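Look at the two complexes coming up: chain A is in both, with chain B in one and chain C in the other.
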Partner chain A sequence: MDHNSSHRLKRRGLKVLHLVGLFLAMLVICLPGLWIVLSSLRPTVEIMAKPPVWIPRDISLDAYRAMFGGAGQGGIPVWEYFRNSLIISITSTIIALIIGMAGGYAFARFKFKGKSGVFLGFMLTRAVPGIALSLPLFMIFARVGVIDTHFAMILIYVALNVPFTIWLIDGFFRQVPKDLAEAAQIDGCTRWQAFWQVEFPLAGPGIASAGIFAFLTSWNEYALASQITRSVNSKTLPVGLLDYTSEFTIDWRGMCALAVVMIIPALTLTFIIQKHLVSGLTFGAVKG
Partner chain B sequence: MKLPKLSAPTLLLLPAIIVLAAVIVLPLLFSLYSSFTPFRLTKPESIWVFIGFRNYVSVLTNYEFWTAFGRTVVLLTIALNAEMFLGLGLAMLVNKATRGQRILRTLMMFPMMFSPVLVGFQFKFLFNDNIGFVNNALQSLGVTTSAIPWLIDGNLALFSIIVAEVWSSTSVFAILILAGLLAMPQEPVEAARVDGCTPWQTFRYVTWPYLMPFAFIAMTIRSLDVARAYDIVKIMTDGGPAKRTELLWTLVGRTAYSDARMGLANAMAYIAILLSILFTVYFFRKLAAARQQIGAEW
Partner chain C sequence: MAPVTLKKLVKSYGNVDVVHGIDLEVKDREFIALVGPSGCGKSTTLRMIAGLEDISGGVVEIGGRPVNDLPPRARNISMVFQSYALYPHMTVRENMGFSLKIGKVAQSEIDTRVNEAAAILDLDKYMDRRPSQLSGGQRQRVAMGRAIVRKPDVFLFDEPLSNLDAKLRTQVRTEIKRLHARVQATMIYVTHDQVEAMTLSDRIVIMRDGHIEQVGTPEEVFKRPATRFVAGFIGSPPMNLNEATIADGKLVFAGGQTLPLPIEFRSRVSAGDRVIFGLRPDDMYPTGHGLNSGEATDVHEMELPVSITEPLGNETLLFVTMAEREWVSRMLNPRPMDAGEVVRFSFDLSQAHLFSPETGKTLRS
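Let's look at the complex of A and B:
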């Protein structure tokens, strides 16, 4: 009896401990983001207040209004940055997906010499630190005269995204059984038709999530963009974020608002792909 | 003229190879060349002067470079280990939860969506000595009366950067390890329990070996973009105060763009690239080995 009750107590204790741990972990994960959102809604006086104001008294969307209201407060051309980011990210994602699909299909369906070597080689190009890559690219692009253009950024992001896109798409094509395409070919499809009508639709969701992943990489990239872009012609949002810092002061509220604008598309897209992303990355590990 | 006939996989891989060669391999070869010249952006003709290994010698004998190098290695070691352990813990916590797993998993992915620049900015804000959340909270709770100079003191700044880095990347580990936990068959665990293993032994000898490949995938993915710590550091401290948080990558950026000494910077960059590549190859090897081991056991 005594033994039983102590055991029960211990189990209940462990359960409470587990819940507390979970709660704390989630708090640490979510709090920074929530704090940014909250700060973007508060007037600067309240952010700066000493002693701190914990319960917001004055919530408004002024920061967003100022930001999108053209060259008003601070005069940061958020619309242009937003447009640049969208154009560059979307175009580079589409191109990377096309190239990645060809490459991923080759890795998933064909046997050829030096396959794992080529795969590793692709991955290694991704491992080159952005800042190190930016030096020669800067020199070459400056010479060719494409610095500060969309073209330059798109080209870079395509190259940046191709290796990882291939990795993901390779995994997704492997999940589609080979027999299906073969059956379709026996039924009179060409290989090309079999690909588009059987394999592509089945791997579709996976390919879409690889695309979203590529989009996010381009959307968030900073090290290269900060060197290759110069003006409103091609500056992207991550680079634009720095416009809010000047030598001695930082417009915290404006920065917070821009941060929220940046995070919302990323947030939405990641929620959509989360399931596929994990299965694409782990596939190779489970099935070899 | 007739083109030589290419096999299907070569043809399919060709676009990828062309893009990667044009945008990454060729520029890298060019930068390899320029690392043997005293090239400065302000003096374009200096690209044609060949000085042999002088840049490398001056980099390798440079005290500043070695401190940055050592700091980078220390930072990565601490951050990656912390991420691994915290990710494992987080995955186990979420896996144990009986209700609301879906929403927990979604919350867990939250930091992954933040661009490194945002992470840097966010922690710069939180750790601000005057108006930051951390100091405000500590002062309101009465832990300390004076403001702690998180980003102004060298050691604390490094600590803050590690916190930011860990916050942003733990979820990569957590998610992949959780995927492993979810895919894991329950029989071996039960068998171990029946055979009288303690929970620790069950974890150590049954669960952990199973999770290894997943941890290595996470490590491999992380090793592909360790350099994004550059973004975080750039925003949070920009290598300051007094170069106490200078990493390899911020040093390269400063030498190249502020000092305009491209040749020297390229020599440094090459050392950084080699470091990244070694790192990646190492984890790919580990990944392949872990994969084979699992395959053999099944």
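Let's look at the complex of A and C:
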């Protein structure tokens, strides 16, 4: 056997190893998701079986039927929860993005007193665990009388997301060369026009990813929502999961079904937006 | 139509002045180059003219009216940036037409003007590409096209060639010169490259540390530098500059070597004065290998050993040690020469310069 063929064999062997490694990694990442989907489709006996039943024998959509079947048939007010989640997540994301864009732009482009201090302050707010604030928030909101309202949850999520969106969007505006905005101003733009015509489109992918992060944070948040929301007025989907637990039993199948219902919109949104996250859009603006 | 006047223009950041009250008049349709080492304030000055930088003091006038408080868009200028600053999310066509679109010009008019500029710059084939799909030279042309399309009163260039390789730079330099002849607008061009400044401009402004050292035509700043700095900055290889003391109508250098005092300066210095003597490499040549300019009325000869030679084909640069310094000499019609060879040099003192060591100013009237 000559050198060439032995090297070829070696290369093939490495490629197989590479694929096996990737497969294992993907398995670890995907299996929990797959398990949730599977569990939502099979009877409790199978879910609880030890050793686990890998191949489901009895698949049914009963859990979904029951869930949307409304109260009385073991269902929960899923449409209301869904609506609450959407209203709260989308509104808070939009507000967080608007503030994040204004703040991020200011941090990226302007010099002002105490800039780094304020910036650090934003980061420090992230160091406080949200749950530590739940009791004071509850008390204040109760006094003000906004417990169990969309407004309260939107306010909380905006506060939670704004430091992060500012930080992320600042980074993306920094990547847009200053020359471009100046060129636009010379080309006849006001500063406002230069922002919308040139800097915003170029930072767009970054702003979109900040939006995804903010949306997912609000969509998935449980700890604070479980304190502030009380009823179908404002309960979000993660809090709704708790409806499946009662004093003595937990309806695992129903819970998994609701989890799937929660995951699908988040996944869809991320998928739609990530297509627009074309990186390297700014390449070629400057230099050769 | 659009002369540009700077009156006592000052720029300061906090307590630090970077431009110290400069005065300059750029005539209509003139091509003027601001040149100087980095940090001399030339780019800042240009940005103040553009309106991208606040003016700390003084006045900028374009077309006879002060524009200090006008935003860039109201000054009717175009600027070509060092980085080109093309909009990456737009095609070449959109980039070039952007200013007109913002100015709400009719689409048909935009098309005509963009196509016209594209034809001038030979960009027709690339109109639907994005900047990322262009080479450095093409991007440079798009940046110029974007400037032309506006039909501005004043073109501003901020080191537009420094990102190009040497060959392309020469090519685009010629294009810029042709462009100026064609569009007939006032052009202000910032560069740190004295060759660009010399080849392109009608007049050169040499700046240093926020001051103007000299304003003049390329010939003036080359032949009659006003200061020692200009003498050393303009010309390549740079002028030989060396300190000397006047004694008995002679220049005495460190190490005791002497040259006769140039005739032009005899009445301007007296014995005991210290001066800076300057002589270009072109005016110090191996006898018989110099320029026959016909002006050589004051030639002095001296034998010196050559330490290093740099042959360039049509000429050879000779490095000789004189007065404890290295001097450069330009030898035309070169013959092969070895290091260490002792050569008879002609010093054309009619072309010599004397500067005051204290002020750096020329001692010529």
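We take it that the second predicted complex is superposed on the first by the 235 of 288 C-alpha atoms of A that agree within 3 Å, B and C clash if a C-alpha of one lies under 4 Å from a C-alpha of the other, contacts with A are read in each partner's own complex, and residues count from 1 in each chain.
Operating definition for what follows: contacts are C-beta pairs under 8 Å (C-beta built on N, C-alpha and C of every residue); 3 or more make two chains touch, one makes a residue touch a chain.
None of these values were measured; they are calculated from a predicted model.
J.: Once the structures are superposed on A, label A:112 by its partner contacts, choosing first (chain B), second (chain C), both or neither.
T.: After superposing on A, A:112 lies in contact with chain B but is clear of chain C.
J.: Counting only touches as set out at the top, which of chain B and chain C does A:177 meet: first, second, both, neither?
T.: A:177: touches chain C, not chain B.
J.: State whether A:99 touches chain B only (first), chain C only (second), both chains, or neither.
T.: Touch status of A:99: first partner only.
J.: Tell me which partner touches more residues of chain A in the superposed arrangement, chain B or chain C.
T.: In the superposed model, B touches more residues of chain A.
J.: Which partner does A:198 contact after superposing on A: first (chain B), second (chain C), both, neither?
T.: Once the two structures are laid over each other on A, A:198 reaches chain C alone.
J.: Touch test for A:33: chain B only (first), chain C only (second), both, or neither?
T.: first
J.: Looking at the overlay, does A:128 come into contact with chain B only (first), chain C only (second), both, or neither?
T.: first
J.: Who does A:145 touch here: chain B (first), chain C (second), both, or neither?
T.: Neither chain B nor chain C is touched by A:145.
J.: Using the superposition on chain A as set up above, list the residues of chain A that contact both chain B and chain C.
T.: Residues common to the chain A contacts of chain C and of chain B are 281-282, 284-286, 288, listed in rising order.
J.: What does chain A use to touch chain B in their complex?
T.: The contact residues of chain A facing chain B are 18, 21-22, 25-26, 28-33, 35-36, 39, 47-48, 50-52, 54, 98-100, 102-103, 105-106, 110, 112, 116, 118, 120, 122-140, 155-156, 158-159, 162-164, 166, 216, 219-223, 226-227, 238, 241-242, 252, 255-256, 259, 262-263, 266-267, 270-271, 274, 278-279, 281-282, 284-286, 288.
J.: Under the definition above, what is the set of chain A residues touching chain C in their complex?
T.: 177, 179-180, 182-190, 193, 197-198, 201-202, 281-288
J.: Once bound in the complex, which stretches of chain C touch chain A?
T.: Listed in rising order, the residues of chain C that touch chain A are 50-52, 71-73, 77-79, 81, 83-89, 98-99, 102-103, 130-136, 139, 146, 150, 163-164.
J.: Can you list the chain B residues touching chain A in their complex?
T.: It comes out as residues 7-10, 12-13, 15-16, 19-20, 22-25, 27-28, 30-31, 34, 41, 89-90, 93-94, 96-97, 104-118, 121-123, 125-126, 130-131, 133, 136, 139-140, 167, 171, 175-176, 179-180, 183, 213-214, 216-217, 220-221, 223-228, 230-231, 234-235, 249-250, 252-253, 256-257, 262, 265-266, 269-270, 272-273, 276-277, 279-281, 284, 287-288, 290-292, 294-295.
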